[in-house]
Every structure is written in structure tokens, then in C-alpha cells.
Amino acid sequence: MSDVFKLMGVYAKTTAKSWFQYRVDAVLKSLAVFLREATGIIVIWFTLLKFDQLNGWDIYEMLFLFSLLFLTYGIMIIFFTGLRDFGRTVRDGSFDRFLLRPRGLLFQIIFVNSDWFAAIGHGGLGITLFLISAGKVGIQWNLAHAVYYLFAVAGGVLIQGAVFLVLAALNIYLLETNSLKELLYWNMRKFAGYPISIFHKAIQFIMIYVMPFAFVNYFPAQYLLRKSDMAQYPEIFLYLTPAVGIGMYLLAYLFWRFSIRYYKSSGN
Amino acid sequence: MSLIEVKDISKTFKVSKRRGGVPGMLANLFVPKFERKEAVKNISLSIEKGEMVGFIGPNGAGKSTTIKMLSGILYPDSGEIIVDGFIPYKQRKNYVGRIGVVFGQKSQLQWDLPVIDSFELLKAIYRVPDAVYQKNLSRFTEMLDMGSFIRQPVRQLSLGQRMRADIVAALIHSPEIVFFDEPTIGIDVVGKETIRSFIRELNEQDKVTMLFTTHDMQDIEKTCKRLVIIDGGTKVYDGTLGGIREQYGTSRQLDVEFAGRAEIAPIDKVEMETIDENKKRFIFENRDIQINELMNQILSRYQVRDINISEPDIESIIRKIYNREVDGI
Amino acid sequence: MRIAPYFAYARKCFLGRSAYRFDHLMSILSTCMQFFIFWGIYRALYGANSEIDGITFSMVTTNFILSMGLGAVFCPDDYFLPNKIWDGSIATELLRPISFKGRMIAENLGNAAFDLLFRFLPVLVIALLTVGVSAPASPVMLLLFLFSAFLGYGVLWTISFAVQMTSFWLINIWSLLTIKNVFVNVLSGSMIPLWFMPEWMNGILNFTPFSSIYFTPVQIYLGQLSYGEIAFKCGVQVLWIAGIYLIGNFLWKKGQQKLVVQGG
């Protein structure tokens, strides 16, 4: 086990060294990601300066809702950069190299490369928004709420990780999955910063049952905020995030295992 | 039992057929159509410990597929492979620590970092003990003359330097078996010679077993005693380098320069090619006609200025094997 | 100046785009989603109100569909110059017997023409069939809208042009371009109608080129401006184009000198 941690250390050192080859670029990159992702927030901020609230949600509650989305993505991308870029790994033959090393495949994919720019950009934004909003949305921060929050974040990380894992596994069957990822993940994510109750029923259905972003931020935020628009959803949804995360991740992992077997029997 | 034992392996790929146009694209997405391509057909092979085997064949012959099956990246459809007591594709994690693989086309070094950092990373991945690592590193660095660039970022290296570093990367954990997939591709003559002599030395001193694919016959002639040729997924030759000449290289050629314009009547069982106005090449099999008999025939009938007998070189024999121009396959 | 080679470049870009059908379908979908998100947000914000500050919900919808639709067309290739500097091909590109800037404009216009037909129109039709869009105030205003939209493209193009020129010195300008796009997205009115910006913000915006890109044409379309105001605002658009172009062109000349001195 200590051997595994040692290797993780060496991987991290290697990544950091590569990173420090381009210091200035790295700082600017994180800033650019931060600002790009903040676009939606600046817009909602200006909008709520005028309108005060969106379907009962005031600006701080909105920021709290957004913060969960960015925080979970920021944590997720530390571990799943390799899966985000897995299509390239398969196409350029690096995946064969992973197969030739006496280590777990998922372990290698996860630790070989982490996109710290995205992690700092997204995660930094998530933390900033949390710090701005957490004290102003009327949450009593007791131990129970803190534990719930940690579980919710972990669940949100697992949900998005599961989606990346499935999309990565699909690369083994399809040559190009970027468009699919764009359709399923990035486009749906654009809705996820807002209370889903304002959208058409069909979009709500997708956000709950197909690409369950609602469990990443909307329902966890509702547990802590209890806004009136929660009335239209079953109470149980407030508690499901960790279960949805674990369930989705397990299924995704089984599909991944199956796909690796397929890769070894079919080549690519 | 040999170190590497390959019994009757086959591998068929499904190759998707792509259709054009928007409907075709949607059809590809939902109802893909496949063609079957037999990449490897019933190949058997056994390699003893310490052997160095050249593994050649034209593009698409099944070399890479075979190497991928041997190294555990692919399952064979049928047949079995046992290497050093392991079944590569079933016992991947335990097995791959014992082998090294060099892909000439694909570097495993960290692009932005100095060479030495990649070695350090591999040391951790393969759990190489410090003493072994230091010993291997200093020995290989000296043998391959890498001292001058080991602290340079990989992106600044020449192709030859990068390949040397890549070879060391595949050997840093002292593998017993090494597969080289085109390790000399795109490298200049001097660089090739460095790599060849390194491989030869490693084989002789450490008894490392090696399988070596290349398109450069010089690589094989200068390193390997044994040669395996595959084509169309089947093994067409397996034997010594000299043996190939005995088996397929029995034809001789006789180049004759005549005194004047040559109008030569056909000779039985001898093939004749015109080189230029008064030069002809006669190609024949030793078993069909004796060389002195042929020369007598020519010398007695025509005015000859010069005459030259030669054996075909190994490369042209192999070209003929690829083109199915020789008997006995 | 002969126009034919430039036309050929524009045509090549136009035709080249049809090769990536699936990606194109995705981009239409992406624009539609963006539109429906903001439509949904503003429907919730309006609630039972038929108008706020004299702005009807239908005007808001129209603002979004026009500025996002135009946004789908207004996509000058931000990496046209940076990519050529990155891979070193700029040196040979400059030796060709045609104007590099002319070619840049031609290729961008070719792409814009494609997007006008195959992105703007489909998105507009989808919006018409689902949520409805206001008709233009009058046929004359429609023509003036088209004219002003063309100038709006000019403003956006010169901004991209000027920022791209910094790649002569910085080489990798992904971060800078990303930050530029944040400014364009937030301040141009395509994500928040500028009617609803706080007063102090609109005061600042008057001194920036961003509202000239989409908001001026949209206001003309909706008939919010008198002829005098239209003339003034279009004049402002022209001034921005000229001003930013001069800055970009200055950098362009300096950059080429640097290229010559350092040999790339």
C-alpha cells in the first residue's frame, strides 16, 4: 500500500514539474477558466440586481446552487482528467502502454495526468461562491448539515465521474465521442446552475432521470435551503445524492470493466 | 519447454464498414456493419531463453497483432500462449513486469521533462530497487552514450537520441524478454549501428530473449541468427538467416556483356532479361543447369566482353517471398 | 486588388464546413439550448407581469433569439493567426502574393455565410415554432437591422483581429482569447438584455464597443430607435471599427517587424 502512495507521489511530482515548465501560462490559464466559468454567474448577478429573485431564489441562494456545481467538478477533474481525455489516449496508442505496466489501469489513467488548471479554475470558483453565499442563505451550520454537505459533494463528484467513465469506455467502441459528450454532458450542464423548476417538464425529466445533474446541486441545495419550489418533487430526492452517485459509479465501473475486456479481445 | 511457447494462435478483427452521407452516418451509429479480417492465422512459435529472433513481414502481415498478443494487450481468438509460465492476456499485472516493449513509432517518455524524470517515474511504476536502478542506469547510459542529453527535455532531442532513451526506458526494470517493434525506424546509419550493437551486447551478456520487428534487413543481418517471416497472417519461414538462402536463394544470375549487339536465342530453363543493348542477364536454378554448361553454351556461340556471376541478396529473396514468387511456401 | 482569390478562399471555407455534419448539428442544438435556458429564466422572472420597465416579454425573447442567433454567425476564427505563429507557418503565409488580412476576412466571411444559412436560420425557425418571435417594427427597420448587424460583425471582427495580433509576442494566447470572450458574452447583451443592466453599468458600457455588436441591431429591429438615433448608433459602430482596426493594424505592422528581426 505504501508503495501505491509512493507512486502517486512520483506521478504528482512529474505532473507538477511539467506544469512548472510553463508557469505564467498556468496562472493565466486558471484565471481564464475561472472567468469563463464565472460568465453565467456574472450574468445572473446582474440579472438579480434588477429582479431580486428567480422563482423565489435570491442571489445568494443562486450562488450557493452554483457553488456545488463548480466545487464538485473541480474535485472530480483532479481525478478524472485522464478519463476526460481518454479518447485521445486510445487513439494515439498510449492506452496500450498502460496495459504494458504492472499497475491497475484505472489507477494509471487517473494519476498519470491531472488538469490542475481546470481544477483550480472550477474548484476555486466553487469555493469562492461557497464562501460568499454560505453565511447568507440562512443555513444553520451544525454538524449534521456539514456531514450532509460532505456526502452531497462526494455524491456529486461520483455522479459526474460516472458520466465521464461511461463516456471514456464508449471511446473503445466509437472513434470519436466528443460530440456525444457535448450533447449529454456540457449542454445539460448549462441548465444545471439554475433551479430546475423554472424549466420545461421534459428538461426537468432529463435533469433528474437521464443526466442527473439535479442530484449534483439542486436537491442537495434544497435540503439545506428548503425553497418552496421543492414541493413539486418527492421529499426522498433530498437524500438520494450519495446513493445515486454510488449506484451510477458502480454501474459505470462495471461497464468500464466489460469494455476493457472487449478492447483486449477486439483491438482498436 | 521453451521460454516463449505459442500454439496455433489466430486473431480475427471486425473492421467496421463506414457508409457516407447523413443517413449512412446515423446507420453507422446504430447498426454498424462489419467485415471480418483475419490478421493472424494459426501461428505457432517457440523461442528458447536467450534467443534473438528477427520477426519480419510486409505491412499488415500481422506482426504487430502477434506482438500485442505476446505482450498481453490482446487476447487470441484461439490457440494459446505461455511465456515464462504466464498466460500474458490473463495474468497481465504479474506478467508485464517481466517484459519490456519498445514501440519505435510511439514514445513513452514525458515530452516536456528531462529524460531522467521519465526513468524515475518508471522506476516507481515497476518497483525497481534502488541498487538495480542505479546499476542499470549507469550501464545503459554509458553503452548508449546518453550522458550528454539525459538531463535535456525530451522535446529537444533528435529522433535517434529519443529512441535510445526509449530503449533504456523499456529496459530499466531488467526485463527477461524484450519485444522491439521497429526500433530503428527513421534513424540515420550511425544511430542504427549504436542501437544494433547495444541490442547484440545485451543479448550476449545478459541472455535477454528478444523478438525484433523491422523493415531494415541490415538490422536482422547484424543482430539475429534466427528469422521468422510472416505474411498474410501465416508463418512462411522460420529458421536461420543462412538457411533462407539455401532454401529460397538457389537461383543464380549471370550478367554477360557481349562484344556487339546481342541477338541471343532462348536457352532452355533459363530466364533472360535485357539490361541494355549488348548486355543480358540470365537467371537460372542450379538444379536445372550447371553454371559451366551455361557459360560454355554462351561462350561457344557469341563474342563475350565481360561476364559476372552473382547470388541474390537476402533482401531480394525476401521481396520475392512477399511477392509469392518462390516455390515451396 | 483582385477579388477572385479572396472569393475562392471564402468559398472554400463555406464548402469545407459541410463536411462536419454531426458537429454542426450539435452546434445548432447548443445554441437552441442556450436560448431556451435564458427564455426559461426570463419567463420565471416575468412571472405574471406582461411588461417590466416598458419592456415586454416578447421583446426579451426577440432580443435573445436575435443576439444568440447572430452570435452563432459572429464567430471569427480567433486562432487564425495564433495557430500559424504557433506552428511557424506564418513565415510562408506572408510570402504568398495576396493580402494576409484580406484572406483572413475572406475566410471568416465564408464561415459566417455558412452559419447564417445553416445555424441562424434553423435556430430562428425553431424559436418561431416554439416560443414565437416579434416581427420587425417595419420593413425599413428590418433592412436597417441587417445593415447594423453587418457593422456589429465588423466590431466583433476587429476586436478579435486586434487580440490575435498579440500572439506575435505571446505565442500562446488561449487564456487571453478566453478572457476576451467572457467580456463579449457578458457585456454585449446576448446573455443579459442591456435594458436590465444597472444604470451605472450602462454608463460604463457606453464607453466600450460591446453594446454595438448585438444590442444596437436588436434595438433597431424592435423599433426602439428614431432615425436620428439609428444614424448616431451606426456612426458609433463605424468609429469603433475604425478605431480598433487602427490599433490592430499597428500591432500587425510591429509584429511583422519582430518576425523579420527574429526570423520567426
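Per-chain residue numbering starts at 1, and chain names A, B and C are given in the order in which the chains are listed.
As a convention for this text, a residue touches a chain if its C-beta (ideal position, glycine included) is under 8 Å from a C-beta of that chain, and two chains touch if they have at least 3 such contacts.
On a predicted model such as this, the values are computed, not experimentally measured, just so you know.
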* Find the most central chain, measuring centrality by the gap between its CA centroid and the centroid of all protein CA atoms shown. => A
* Asked: Of all the other chains, whose mean CA position lies farthest from chain B?
  -> C
* Structure fact -> Between chain A and chain C, the Cα-mean centres are separated in Å by 31
* To do: Just give me the whole-number Å value for how far the CA centre of chain A lies from that of chain B.
  => 47
* List the centre-to-centre spacing of chain B and chain C in whole Å, with centres computed as mean CA coordinates. => 56
* Structure fact -> Where chain C touches two or more other chains at once, the residues are 22
* Asked: Which residues, counting only chain C, touch chain A once they are in their complex?
  -> 22-23, 26, 29-30, 33-34, 36-37, 40-41, 43-45, 172, 174-176, 178-179, 181-182, 185-186, 191-192, 196-198, 201
* Asked: Okay, in this complex, where on chain A does chain C touch?
  -> 25, 28-29, 31-33, 35-36, 38-40, 42-43, 46-47, 49-51, 54-55, 179, 182-183, 187, 190-191, 194, 198-200, 203
* To do: Going by the contact rule at the top, pick out the chain B residues touching chain A in the complex.
  => 11, 13-14, 65, 68, 71-75, 77, 89, 92-94, 96-97, 99, 101, 103, 105-106, 108, 110, 112-113, 117, 120-121, 124-127, 153
* Can you check the complex and tell me which residues of chain A touch chain B? => 3, 6-7, 10-11, 14, 17-18, 21, 92-94, 96-97, 99-104, 264-267
